[in-house]
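Please go over the structures that come below.
Here come two complexes built around chain A, the first alongside chain B, the second alongside chain C.
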Partner chain A sequence: MEKILDKKRIDDWIAALDNWDIQGPVLEDDIWSYQPVSGAVRLDHPNTKQSPKGLAFPQREIFFKFEQIKGEAPRLTQVVPDEQRHAVFGVRPCDGRGVPRMDLVFNDHVEDNYYQARRKNVAYVGLACNKPPSANCFCLSVGGSPVSTDGLDVQMTDLGDRYFVKAITETGKGLMAAAGKLFAEPSAADQKQVKQVHAEAVAYPQRAVRNVEEVPAKLKASFKSPLWQELAQACIGCGICTFLCPTCHCFDINDEVQSKAPLKGIRVRTWDNCQFPDFTMHSSGHNPRENTGARLRQRVAHKFQYFPENFGMPQCTGCGRCISECPVGIDIINVVNKVAENAA
Partner chain B sequence: MINIQDIRETARDMLTKGEVRAVIGYRRGSRGMLAEPTFITSAEQADELVWDPTCFHNLSLYLVHDRKFLAHIRKNAEAPVAIVAKGCDARSIVVLMQEHYFKREDVYIIGVSCEGTGVLDERKLAKHLNGAQASNVAFDGGDFVFTTAEGEKRLPAREVMADRCLECRIPFPREHNIVFGEDKTGRQLEAPFAALTRFEAQGTGARWDFWSHHFDRCIRCFACRSVCPMCYCDECVVDSITFPVTTETTAEDKANRIRWIERSAVRSENITYLMTRAMHLAGRCTDCGECERACPVNVPIRLLNNKMEREAREQFGFEPGASIGGPSLVASFLDRDPGDFIR
Partner chain C sequence: MPHNIYLPELARIAYIKDEVYGERAIKTFRVEPVDGELFEHACGQCAMLSIFGRGESMISIASSPLIREYKQFSIMRVGRVSSAFHDLAVGDVIGLRGPYGNSFPIDDWRGKNLYLIGGGCGLAPIWPVITTAVAQRANFKNITVFYGGRTSRDIMYRAELEKLRESIDVHLSIDKAEEGWDGYCGFVPAAVMDKDPVPDNAIAITCGPPIMIKFVIQNLNKLGFKDEQIYTTIENKMKCGLGKCGRCNVGKDYVCVKGPVYSWEELKSLPEEY
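Let's turn to the complex of A and B:
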């Protein structure tokens, strides 16, 4: 389904999506983030600071509540994600491509009920990048594209005063059908323009990871390379790169005790991060990833070696957030290229 | 004006003579015009070094890393490490020495004066550039001059300098082995604590709303802690990683270990984390502003640290990092202290 939407009517489309919580890019405190929007949606954002992964995989998820009165059996109450449907508008193609990668992780071997319960209620309405929104974009070199529809339910393309809107999935068709009257049939000129805009988007120069299909073998051969520590020397071990990443999915599970007598608390899943020094700390005090080099290697090899080995594709989608936001200049493009270049 | 060749020559000379193990400085990174930390160990690398208004980083953090690494491999330092340090960075080094983290002879301080320019604030700059990318920056004495694809863009220092630099009282590394650039102390563009004063002009309700909003936004990536040279504790109050486990330790002991702050990034835990950190930095924070710069979601952390700094200044005339032999705020007292409990 391909349609044309007058830019001025996007708010009417959103208004027609009752029963959906609409999330759109909002500029607040000088940063863009996805927030609930009612009425006007702005789609003039570069990319948001954080990817929309939190809608299906929130930073904090309560699994269950526990309670025990002394002498009695413990009582557990499962906390089930609510059934609210969310439609996220303005999702960039790199973040769209993050979605199937997260799906693979939370569906492989074991189905993660909490993830699936949220995920099935999220629809991603993408916005093609007519021009790379960041100087550190590199989607083309990791198998993506500024006009990729992977992971999206709807793809919108900005054609100046109107959007070219294409349904990718059945969910996407449903979103468009909810406001059928607003959409017009694209003319031959519209079709021609969208092709041209997409061709220009793809031709726009970007930074690049070189020969990504050869990278897994090269990283595998470089496990013991001294380059890792050299490239990670400035790393401060914070969680910016992974918390902003559209595909990082590591988590920790803790019991948060709210009262000791009677015993009362919650079991909570929170995002975790392989760059924290305590991520792999054993209770013996031994840390198998004892330095920033080993930890950087884990982050990079997970995306460019282990994930391709397991699922046949890089996990990185080239959004460039980890590069732009690193306070000390750790640059994943450089790291991959340098290690691969120096591989035995 | 600082001639970068002087800094490079100093580094090259010391590395050639083996007087230092390494030089921690700045080099051009791979992200446009931005500088990044570098660790050079041979004289040939000296030409990498740069000095410009994107040298934000407080490199004294890496002296802490070095110290921790040496302790980990149970070795003593064979020679000092040289470090390029701005005024605030040098004061951090002094605080670390006051706290006996390392000795004066372990460090060779290559001081660089900010000469009234300070460093840029990337966020302010991004707003002015409106999507354009700058490939170079220079300071001509009044304005910053940026090279962009659309041509040269001039911006007054006041518009794009980091707040802490606008308010900096001493933009000169008084503690140094060698220093480049003129001491232009006393020429700051804003009064000390100007941002804090503006903030405090609001009523209590507005301030509480402001902080509630920001404490809710913290994502607990710990960049503020990780980038801070003063946050060197082996076990931070938020981590509880060194809980000793023996064969006698029961599951219940593990479950009941003290956790001051839970992992959940929610207001109550975020407040405890950020406020505890601010308290632990009282008298130690030299306002290098790295915590606020590193924060990916723009929590104005500097205001918290500034508040403690001003408190110590007004109550005790305390200046953090003033001199190595000088007192530290929490490990000393005045015999004219008005509080009975301390005398």
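Let's turn to the complex of A and C:
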């Protein structure tokens, strides 16, 4: 399903999606973030500071409540995600490609019921990048594209005063059908223009991870390379790289106690971070990844070696956030290229 | 919502035994279901144990899968959850989810000689293999256990080991000589060499402190054991047990799913990150 939507009518489309919570990019204190929008939605964002991964994988997920009166057995009450549907507008192609990668992690081996319960209620309405929005974009070199539709339910392309809107999934068709009257059939000129815009977007020069297919073998051969520690020397272990990443999925599970007698509390999943020293530290004090070099290697090798070995694709989608936001200038493109170049 | 993979079942502590006292105290717990039955497991698998308000900890199941009435865990007092376990009493209710991980392929070992080599707390993960093999004694040829503690007071399962001498060879060792000790004095790798195990038609399984495992394997290799005849387990910090939380991986494999049991041949092919 391919349609044309007058830019002025996008708010009417959103208004027609009654049962959906609409999330769109909002600029506040110079930071773009996905927030609930009612009425007007702006799609002039470069990319948001955080990816939209939190809609299916929230930073905090309560699994259950526990309660225990002394001398009695504990009582557990499951907490189940609500059934609210979310349509997130303005998702850039790199973040769209993050979605199937998260799906792979949470569906592999056993299905994560919390992730699934949320994921099935999220629709991703993408916005193609007419040109890469950041100097650190590198989607093309990791198998993506500024006009990729992977992981999206709908792809919108900005054609100046109107959007070219394409349904990718059945969910996407449903979103468009909910406001059928607003959309017009694309003319031959529209079709020609969207092809032109996409071709220009793809031709736009980007930074690049070199020869990504050869990287897994090269990283494997570089496990003991001294380069890891050299490249990680400046790392302060803040973890912003993973929190902003559209595909980082590591988490912690902890009990939060609200009352000691009677015992009351919750078991909570929270985002965790492979750059934190205690992420892998055993209770004995032994730490298999005892320095920043080993931890940088884990993050980079997970994305460019282990994930490709397990799932046949890099886990990185080239959004560039970890490069742009790293407070000490660690640059994953340089790290991968340098280690691969120096591989034995 | 479908089955909640993070929701533990409740289990009641039916038995507690002090195995080792002191700073590195070990206690053994047997837990029974509060309702219905506990899950089935295989030798070498682990379970995620909960103390509500403290959290979860992955512990290897130390009882034979043939025992359906209870599951046994031997826990050293080290961290937040394991220390809380040491404060529990019979009748207390904990949470349990699992089983997690792969298992020792003991069905493939029928007709073979088994050497089971443990040190310290490392007797727990191989205890299901020992007790299952003894229960199915006719399926195996010679069964030999080597087990060592730092001192005679660090030997866990002491009474059970003495009883096993009726059906299999048990060699106990302590690091330094003590009055009244009639077993081997010295480290476990040396205790193994002392008895000259023969690699023909044999499987060796070793668990214990990393340094012990390293030298046991070196010695087994010297004796002619091939890498595929040697099995061990590795442990890494775990939170989910389901290959998702991202911390227990060694290279591309999550230990909670692909491990904890590895042949030395397999383990050698993985990066040294455990």
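Convention: the second predicted complex is superposed on the first by the 344 of 344 C-alpha atoms of A that agree within 3 Å, B and C clash if a C-alpha of one lies under 4 Å from a C-alpha of the other, contacts with A are read in each partner's own complex, and residues count from 1 in each chain.
The rule we apply is simple: contacts are C-beta pairs under 8 Å (C-beta built on N, C-alpha and C of every residue); 3 or more make two chains touch, one makes a residue touch a chain.
None of these values were measured; they are calculated from a predicted model.
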Look at where chain B and chain C land on chain A after superposing the complexes, then choose clash or fit. clash
Contacts for A:284 in the overlay, against chain B (first) and chain C (second): which applies, first, second, both or neither? both
Could you tell me if A:100 is touching chain B, chain C, both of them or neither one (first, second, both, neither)? neither
After superposition on the shared chain, which partner residues are touched by A:174: those of chain B (first), chain C (second), both, or neither? neither
Tell me the contact category for A:252 with respect to chain B and chain C: first, second, both or neither. both
A:334 contacts which: chain B (first), chain C (second), both, neither? first
Identify the partner contact of A:66: answer first if only chain B is touched, second if only chain C is, both if each is, neither if none is. second
What is the contact status of A:111 with respect to chain B (first) and chain C (second): first, second, both, or neither? second
Contacts for A:143 in the overlay, against chain B (first) and chain C (second): which applies, first, second, both or neither? neither
First (chain B), second (chain C), both or neither: which does A:236 touch? first
Select, from 163-171, 235-243 or 253-261, the region of chain B that bumps into chain C once both structures are placed on the shared chain. 253-261
Shared contact residues on chain A - chain B and chain C: 252, 254-255, 257, 281, 283-284
Within their complex, chain A touches chain B through residues 29-31, 46, 49-50, 59-60, 135-136, 233-234, 236-240, 243-244, 252, 254-257, 268, 270, 273, 276-278, 281, 283-285, 290-291, 323-325, 327-329, 331, 333-334
Touching residues on chain C, where the partner in the complex is chain A: 1-8, 10, 12, 34, 52-56, 78-80, 82, 93, 95, 210, 235-237, 239-240, 242-252, 257, 271, 273-274
Complex contact set, residues of chain A against chain C: 63-64, 66, 68, 73-74, 76, 78, 80-81, 105-106, 108-114, 116-117, 223, 249-255, 257, 260, 263, 265, 267, 269, 272, 274, 279-284, 286, 288-289, 294, 298, 301-302, 305-307, 309-310
Enumerate the contact residues on chain B facing chain A in the complex. 29-32, 34-39, 57, 61-62, 69, 72, 123, 127, 131, 133, 214, 217, 219-223, 225-227, 239, 241-243, 245, 254-256, 262-266, 290, 293-294, 296-298
